[in-house]
């Protein structure tokens, strides 16, 4: 296909553009998540992620100092508002240029920066763009400074704190390994088991084949929740209890209908002649399956393993039910849901970070499996 | 785990621990506890547990889960229940108790609660259910109580507008009107909570019930002897509606229905403020902006009772209950441990725990405001548990929530809301 | 690191056990039970071949039977009982369900979901698979579109909160509206009917990657010569796609469609976290979750209604399977 | 090492009956060639022998055992598929070694057998390629190679040489013949469209047509004594000319008066009852000779000449042939002359043939076989 | 309606160069046949003309325009693929109608053209079947039908008849010839392994070998005056016999003394410089005649006879041929006699040939073409 002469470039451009458009459309929310993972909860709930890279105008408040210098009959207090710890706490990335200021919370940006204004009782105040201020009051201010509200440019502020929190949480490494321990067999075992079954349903002749196919399709829709209790019960009664073995069984079972379904459909589409040729060559069903059907089904196997891997990787419910709840066997999702988010479920920064951290491995799996979704696997075999 | 407070130091009742330690030795035994606390809360409960482990030699494995209610049902049905389950809702507990999944506590425990907890009877009542056999038994030990009848505000903002903390319900309404007249928005309300969206509204209704009807009627309401569609309940819902009027709620009532409850208090801290008051339980400071100091930057007042009538100072609260789902000696020992003042003090000293335990040292609270909160609990003339937590799940964690959301957005009136919930309840009973 | 080792060993045992079963059971069948030698060779071979499919099927069927069929049957029985597991109510649960307006709403919404989400995901997935097929950066594009698949539903819901939030400072849509000069932010989650569509967008966004992966594998399986022949026949890319490629991967399209349909019928996380089923967005699975572990009778009854909803898709599949079995 | 016996075998796809009443004995060591028009069921019959298609009715015996229900892998058969059916994921080498590996042959033996086959089929340079990087002919050779590396009881070949060039075809044909000779006990069944292949290889040829067997016999029998018009026309290329006439003299020799004028003498004996019967006589193009004087069988104007180098084909206009028949190549009378003859076009020519070369068919059947 | 010009065309897959230095002019209205050993690049060349393979180097012109970068659909070409490439999801009818539907022909016209093609190719009964329910030959016919329902400038056929039976093959061949005749302007390029097809259809034959063009010429030119040993052996079946010898007499006629004894006389003229040169003489099997008396070219014992009915092939033992060469069919001397000859096996025979039929090759090249 790549060899075909004279492919139209206008068409190529259209393709490039439309793919670009779709990719962007798909990416925007993810970018939002990505950006958010570098912001803390307050920032997230204050401004949109798209504003994160830009300086935003933020209103803050502070208090002037109270150490007055007497100047005639007025007390003059000068200083920099950014010296006030409260004011500074609004600007973890360093304070920016002050745009406006005010003295009441209701009107925090009443006056433009640099303008001296009357604030009642004969007091005047000026706050300059760099944060310096001068407060003149006819009375001794005592030990309490003047409340100042101001609006200032806040430079973009990103933090890796979320990542630190997620990645360095106690036992996170352990959870990571646990997750792999759950997902890898829980991906491979159902594939193996299902591939055999799919082969039998696609290429072996036996009574009841049609019925079985129908049953498998039917089982696709069984809601997981129905099966949890009976399954766990079973595991308890045969002594598996809550353990890795149990969760492999569970994932194997839940992935099974889809695996059988996908693989059978793919295998049934293989050229009949190839299968027959191997039979004539003396291959038993077992050999035929192993040496011919399995290699030729690689794309379907890869597609399903991506799917199953994602499912087990992101699974929370099954892990909670079938694994013991001690730290030694917690998987990442449980760890994140219960230990990191917990009752602070509203911490969007952590959530975003967790989502991003847990996306990494599935993407690697996707990349490595994508190689198998090759073109023309069957080319040249039959005419 | 390390002990957070050195033994023997501070205002803690160390002797209660020593006495407990000398009577209990569970070396080599282990108990599993599951509960709803996760994250920081899980660390706190673990810090309490550490003292139990230290005293008895038992090992305790606490695991918290965001989906505790689902998990506990599955594990009890599948016979793999932990030793102790910490129920945030008595409703579920009573369900499990009636199926025999929970082991009743000894009668002495009930006696102990009566004597040592403020408003002890109501606590015993709360944790007493019909067991499998049909007779009423105490099934759980209440520990860590939330007070819900609180309104949060920023004193400085009140100061600026010259506002006073209201003493009565009538004043609260006046205050609301005053703020609105100033051109400001009095309230921040947020019902959003994912699948549980709507529950903050139920707290409003419950608090208003306590302020409009007698505690007995409240109890009748909980058990649905008083219909949801009754005049009383509809009235309470209507009262809540009063606060939703145009101009009273930041963003308007529709926004209130979807704003996340964790985000809604942030309006208090904006300049200019988006709102001046926020009604929420004791746990909400966790969600205030980082660095906010309760008592300085933000404060609370008791959601006041009406001047008229003689309802006293009713307090709405919630709390968690420790119940035995898989009996063992060490498990019993743990329940005993919860009776020591120290078990309460350790957590209280780190903030976040209120307790009706009258025997604890008041000095352990980390701040005055914490102590003040606990005082609300200790001084309550009436304490009532969150009604929605007591109702059957389909109502208390279902229809009540969703219908309140409908009401909040204004798509149906109070009467219709009450009727809709009631009809779900009726459907339940056949 | 012992933990890793432990993990590796468990993996080896798990996978090895599986391979071992198939290999050994085959060996035993052929060598010992029905050996292909001796006087009964013909009969033995035939018997072995009659048994073998079941050997291949056994683990899958065993696991399915134990973990799915048995609970399904059990659940059906349970759905005939009331809230109290001892109280037999017959079809009472079903009757009261169909009478309830909440159920009707969920049913209708679910109907919409089942139609729209698979259709849209499959279609967009197909288009992407095709467009990226011979693009130099196609793999990159595919990975980016696939990315949502890798995000958990909860994460996904979070992402979309940043799009839908009822606040021009947080929600993208309202920010754009604000930019265009609209005064008040709207809450897209509260627009009746349309809010359903907005929720569906999320699942479409997630599932398109799946459709794309499978369909792109299928597209690559099409014999190239048929495409070349069509090019020579003068088909333009459009015709090539719809008349040559799509019909040839129809079986796969059915598979993808079915898989997504089934997913739709199982996934409630999105509705759950975005609206909690409020504002008329309830769907059957989330409606079921309202009852799950509380009133199991009703919950299981809803589960069976869900299974019935998928019946047409099942029949479609069985038809397809029949076709190719001749 | 096996003989095959088909008894009243029938094959139907649903309602469509493809083959019926197939009775055939193939003895051990025979090389039987199936020929017949495209779609007549040759591949189907082969596939039934291999066990790849269920036999709808009747029995198939190998070595006296009914094997209707024996799976293909147990029948000890090697087959070359018409569509090649190569394993696309295996290199040429692995494709050929597959059956041997399955049979657990030693590495050395596999290596040796494969390289032997590769040499014979001139596949050495391609041993490590995948099928998709091969040309059509190369693929076909791999398919053949796969069969010949094995040592089966029965070989089944479905048009194994159709994509090969002439030289290779001859070579491979000879190779197969030698293979046969080296293993006089192995039985081979071979489907082909190539007359030369059929004639040179076969110990017997089976002509399939119309869902059944038309004639079975040695190549020469079929060529010299076709049983019916179908076989007569099917064997030999270009096909035998059939010309209508009426018997005017019977006895040891038969004389026929051609409808178009002309007169043919055949060595086929007839009985007096045949007198006056409407028949068709058949003369192969290569048997026509110019009628110098006297009797001629056919007279016509040369319409087209085709010079093939070695021989020249003459196509004659026949007045009555409809356009349709022309198109099917049915009606033109064709003669084949040795050597190159140019400038014959448009000439009037009279043709005759030796009496021994004149076949006589009555009602479609040769009068020899009545 | 188009002529093709290939200038120094080259095709390589990665490092493997498949074709190189291909220079070829095909004029409008020609029917050019590509022949060559399997894997020599015939299909590849065809695919390059169609635009399905990029041309690695050189230019391809259609009607004087360089079309290296013109997409296939713009080239006005119909192609029959070696692997058929039927649309598996369409019935036979739709397969054939596809291109016409694409071209927005009227319903009637499509119907008429398709049914016409179906009749010609005897596909009527199968019009509503899917390709998978067809036999190999039927599939091939559909593929041909797909090309002929269109009316392209250039037809490309890749072994279109290889799976057809002899009768159908002749018929289809004639059909293609007539198609050609009806559209004298359309250009056709045709790949085949069938000598007869090549000889009868081609206006010119292109012999491809070893990555390049070996000879281009009319069929008779190739048969009568092969340029080199390769073409000599490739054209004609069985292949021309090549026998070594030494020139002993030069001039208008050349006399060669055979290495094995014997003496050949050729009409090929030689110059005195050739005197004593080591050459190979080539004699086609069909040109051998028994040497009654006197000179003979070859003497040998008949090893195998193959009776094809019309002719008989005699294979002679040649002492020196190694087993290997035997296997390749290279070394055996073959003679072809008219008619049936039995009982010749084991006889000692002397063969000779007319001087006009004796080709002389020096260093692989015919001395005629030096």
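Read from first to last, the chains carry the letters A, B, C, D and E; within each, the first residue is number 1.
Heads up, the rule we're going with is that a contact is a pair of C-beta atoms (placed from the backbone, for glycine too) under 8 Å apart; a residue touches a chain by one contact, two chains touch by 3 or more.
This structure is a prediction, so every number in the text was calculated from the model and none was measured.
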item	value
Other chains in touch with both chain A and chain B	C
Centrality ranking, top chain (CA atoms only)	C
Two chains joined by the most C-beta pairs in contact, as defined above	A-C
Between chain D and chain C, distance of the C-alpha-averaged centres to the nearest whole Å	54
Chain B and chain E: spacing of chain centres that average the CA atoms, whole Å	94
Chain centre separation in whole Å, for chain C relative to chain B (CA means)	40
Per-residue multi-chain contacts in chain B, two or more chains	74, 194
In chain E, residues with contacts to at least two other chains	52, 71-72, 82-84
Chain C: positions in contact with at least two other chains	49, 223, 228, 231, 289, 292
Chain-to-chain touches, reported pairwise for every pair that qualifies	A-B, A-C, A-D, A-E, B-C, C-D, C-E, D-E
Of all residues in chain E, those that touch chain D in their complex	13, 35-39, 41-44, 82-83, 120, 133-138, 140-141, 158-159, 162-171, 174-175, 178, 193-196, 199-200, 219-220, 223-224, 233-239, 284, 286, 306-310, 313, 327-329, 338, 340
Of all residues in chain C, those that touch chain A in their complex	3-4, 6-7, 10-11, 14-15, 18-19, 22-23, 26, 30, 49-50, 52-54, 56-57, 59-61, 63-64, 66-72, 74-75, 124, 127-128, 131-132, 134-135, 138-139, 141-156, 158-163, 168-172, 175, 205, 208, 210, 213-214, 216-217, 220-221, 223-224, 227-228, 231, 237, 251-252, 254-255, 258-259, 262, 265-266, 285, 288-289, 292, 299-300, 303, 306-307, 310, 314, 317-318, 321-322, 324-325
Footprint of chain E on chain C - complex, ascending	223, 225-226, 228-236, 239, 243-244, 247-248, 250
In the complex with chain C, residue positions of chain A that touch it	1-2, 4, 11, 15-16, 18-20, 22-23, 26-30, 32-33, 36, 44-50, 174, 177-178, 180-181, 184-185, 188-189, 192-194, 196-197, 199-201, 204-206, 209-210, 212-227, 229-231, 234, 244-245, 248-250, 252-254, 256-258, 260-262, 264-266, 268-269, 284-286, 289, 299-300, 302-303, 306-307, 310, 313-314, 316, 333, 337, 348, 351-352, 354-355, 358-359, 362-363, 366-367, 370, 373-379
Sites on chain E touched by chain A in the complex	51-55, 67-72, 74, 82-84
